[in-house]
């Protein structure tokens, strides 16, 4: 029965670490997320020079506590999962490994420790917790809406990319000679992206009258074409909602869903709907 | 009958101060709002140095007139309300108290007076006046649309938060050494928020070619993903409007819904609707 | 018959100057708009110092040609219109007068001539030309959509106004002492508007860590709440379109329009719709 | 049969160069696009001074390889197309010619080579490749939505143009004297476009209190009226989607339309749809 005990233990650990259905599993996930957030905060604060100078030892100790905990957690995951290789090569498996490696690498390579910020990726697990609530459905709707408009967004981004290259080249020809900001075409393209997206740093600005005139057109263009992705995604959400609205009643005969509110007959089998 | 008189007086004051249904109540609310606006303006102008130097005495006198008036108003509210403790601990009760306290505190603590700007919160009462008009309904629709999209907005904001942390960390690794603007990860995260939201102050800008390339991607990302919250809220408003338009009345004969507000006959069976 | 001749002449001039239905009227309007545009361009270029120094005489002559023409046009409008006082006190009448006055005033007051830019307002007449095409209908839809969402936009703008005052005051308390940009509450409010609307000049930027943290929140807020007016107006346009869509078929019995596409019976009189 | 052979060869070349239906045609288009992208990248990098200084010879050689290839391609297109003049004067024909001319002109005019960036326009051919996939349909929907809202967008842009001229003139009158940034009306108009579109470079910023107050209004205006084009295009996409979804097929028995694409039976009478 030893095997069975071990198997049961594995199963129990798996339930706690990988699932979030049981109270223990949920508690583990919440604690894990808080620890990840705390470790991300530590790396973040460590990069602030005057804090690093004062609390160097504290940071090192805290860092190693997190590393030891995350290493144990990684080993436990490998132990309890049915197919360890599949987990180790999955997205989360690689992220989990990358989140602890820099600490050990930093023993030999001092600059490696900043790669610990990779731990921020582990925060994506937060969406796993959302699974418990109704958030997963909402997240799905967003992803579905974006996936449905993928092709349109691709066409739009291709168009925008061509536009910024051409605008960048034109501005290079106009401002290139007199304005240090437009010293090369790549810089001019960078400027045209900064302008078209209405970010507008102001680190590079047109100085000639003609350059300012073309800039003005680019700005109005950028101000207007933001309507395109927005319109695409809005329409997709409206469609998503309308379909969602229709899914409430299922046909008694063929069991299919998706009927409009004013439908009298099932649109799949022709039988009268549940009146 | 003295008790009854006092009670009637209390009721009358309550009606004037707390309600906005009677002409007196409405007038009181309008005057109160104007006084609050004037007092907010006073605190605002008081912070402008050259005005403060010239009109110090005027500001002090005006300030105390407002304080005395608001103190009287607060005491009257406490007097006429049925359950004073409930009012005193409510949101508006606390705001009303905080709006007068700094004046008295400033007698001992000179810098305390700037907290008088808390009075700006009292302007939220303006939405109470809106109650009189059709504004309340409109405000309700906005709040309902935002509440309905709360879960989606939360998912979106979580995603954006992770994104800016990761982008900030990447930019710190790239620009950190050579660019004073990216001297720490928190500053880099601040930059990535400034860029992703298309605010683009320009106080921190990338200087290396790679940094500018990644910035360009962040900008286009920020330019594109604004479509997500916009799409969510738009779709919610469209749904809100459609529901408002249609769901209220059902035909007595065929039971069908979805009739317009101006419909007299059922559009499916032709029978007269519930008149 | 002299009276009749004069009346016919008046009528003819009125038709040419005020209407755009006849070929002459249309031609007059197009020429007038080109002249207005040219005069606006003249005033604009006149303000550029190095052009003013070189072409001072040319500008003066061109300016007076426009002024004489617009004066004649104004007098003709007064002559041919049925009720001169009504025109003179209408919006366009006042704009037309203000568009010529500065030239005469400039004889006594040199700086008055820049007010000639008021002529730009005359360009609003361009929408009169649009009347000829289908633009008027499109413009109407925009105005209707904005008018329908007026109340919601008012609530939204009130909320935004309160928000920027409170954010401005908070930032003044945080950054005020150490940062020259936040030297007074009005300046801090100006900064919070610059930030919330994602304009982001960068003339005033937070320097403290806490200030940058709050700025980041303001930016994300501004990035997110743009969804509210956009959603309101989008939903209004969707509604506008849907209503427009429904207006094609009219009931044969009662003549009323506005039926949905799936309607079998007229929703006003109950008769069967034109099948 | 020689003629027929030549004709067949022409036809074969035409199929490869102009069409993307056959494997060879598709391969040719993909290779051509990669070459165009590579040549655009070369021109782009050539403009970076320190790269130009080190790799001048490499750039020249690579440039001429591209030019020779594109020249051959252009001649082949002229040879195999049925009506050479029609191609030569078409949009793509002119772009193809302009994409090779600067190289030859640069033999006499050194600065001419930067016009090679015109090659970027050739990248528009990428949308031809999209034809193979479902992208063409998606691109069509975008273009249709924009075309349908053309009139509304025109009205909106006319309004925005008038607005920025008037705001520019007002700011010139206010800030003109004291602020170098507002030294002329054209510059002030440039500023008002930078502000209204929420780009906000910060190269020109208001300094007076009144100027900042008006700027704040312009920003909030720009923040709010972005809702108009967004709303127009969103509504157009919603309409586009609804039409796409529904209007294609009518029931043979009851004649009703509005069926979903996956419907087998009419949802009103239950009869089988046109299979």
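Things worth noting here:
We call the chains A, B, C and D, going by the order they appear; numbering starts again at 1 in every chain.
Note that a residue touches a chain if its C-beta (ideal position, glycine included) is under 8 Å from a C-beta of that chain, and two chains touch if they have at least 3 such contacts.
Quantities reported herein were computed from a predicted structural model and do not represent experimental measurements.
The set of chains touching chain A and also touching chain B is given as C, D. The best fit of Cα atoms from chain B onto chain C calls for a rotation angle of 90°, in steps of 5.
Of the two chain pairs shown, B-D and C-D, the one joined by more C-beta contacts is C-D. For the pair chain C and chain D, the distance between mean C-alpha positions equals 29 Å. The mean-CA centres of chain B and chain D are about 40 angstrom from one another, to the nearest whole unit. Among the residues of chain C, those touching two or more other chains are numbered 186, 189, 198-202, 222, 226, 230, 232, 234, 238, 262.
Taken as a graph of touching chains, this assembly is fully connected, with contact between every pair of chains. In the complex of the two chains, the chain D residues touching chain B come out as 198-202, 230, 234, 238. If you check the complex, the residues on chain B that touch chain A are 151-152, 154-156, 158, 162, 165-166, 169, 172-173, 176, 183-186, 189, 195, 198-202, 205, 209, 212-213, 215-216, 219-220, 222-224, 226-228, 230-232, 234-236, 238-239, 256-258, 268. Residues 40, 43-45, 47-49, 114-115, 117, 120-121, 123-124, 126-127, 130, 133-135, 138-139, 141-142, 145-146, 153, 157, 160, 186-187, 189-190, 193-194, 196-203, 222, 226, 229-230, 232-234, 236-238, 240-241, 245, 261-262 of chain A touch chain B in their complex.
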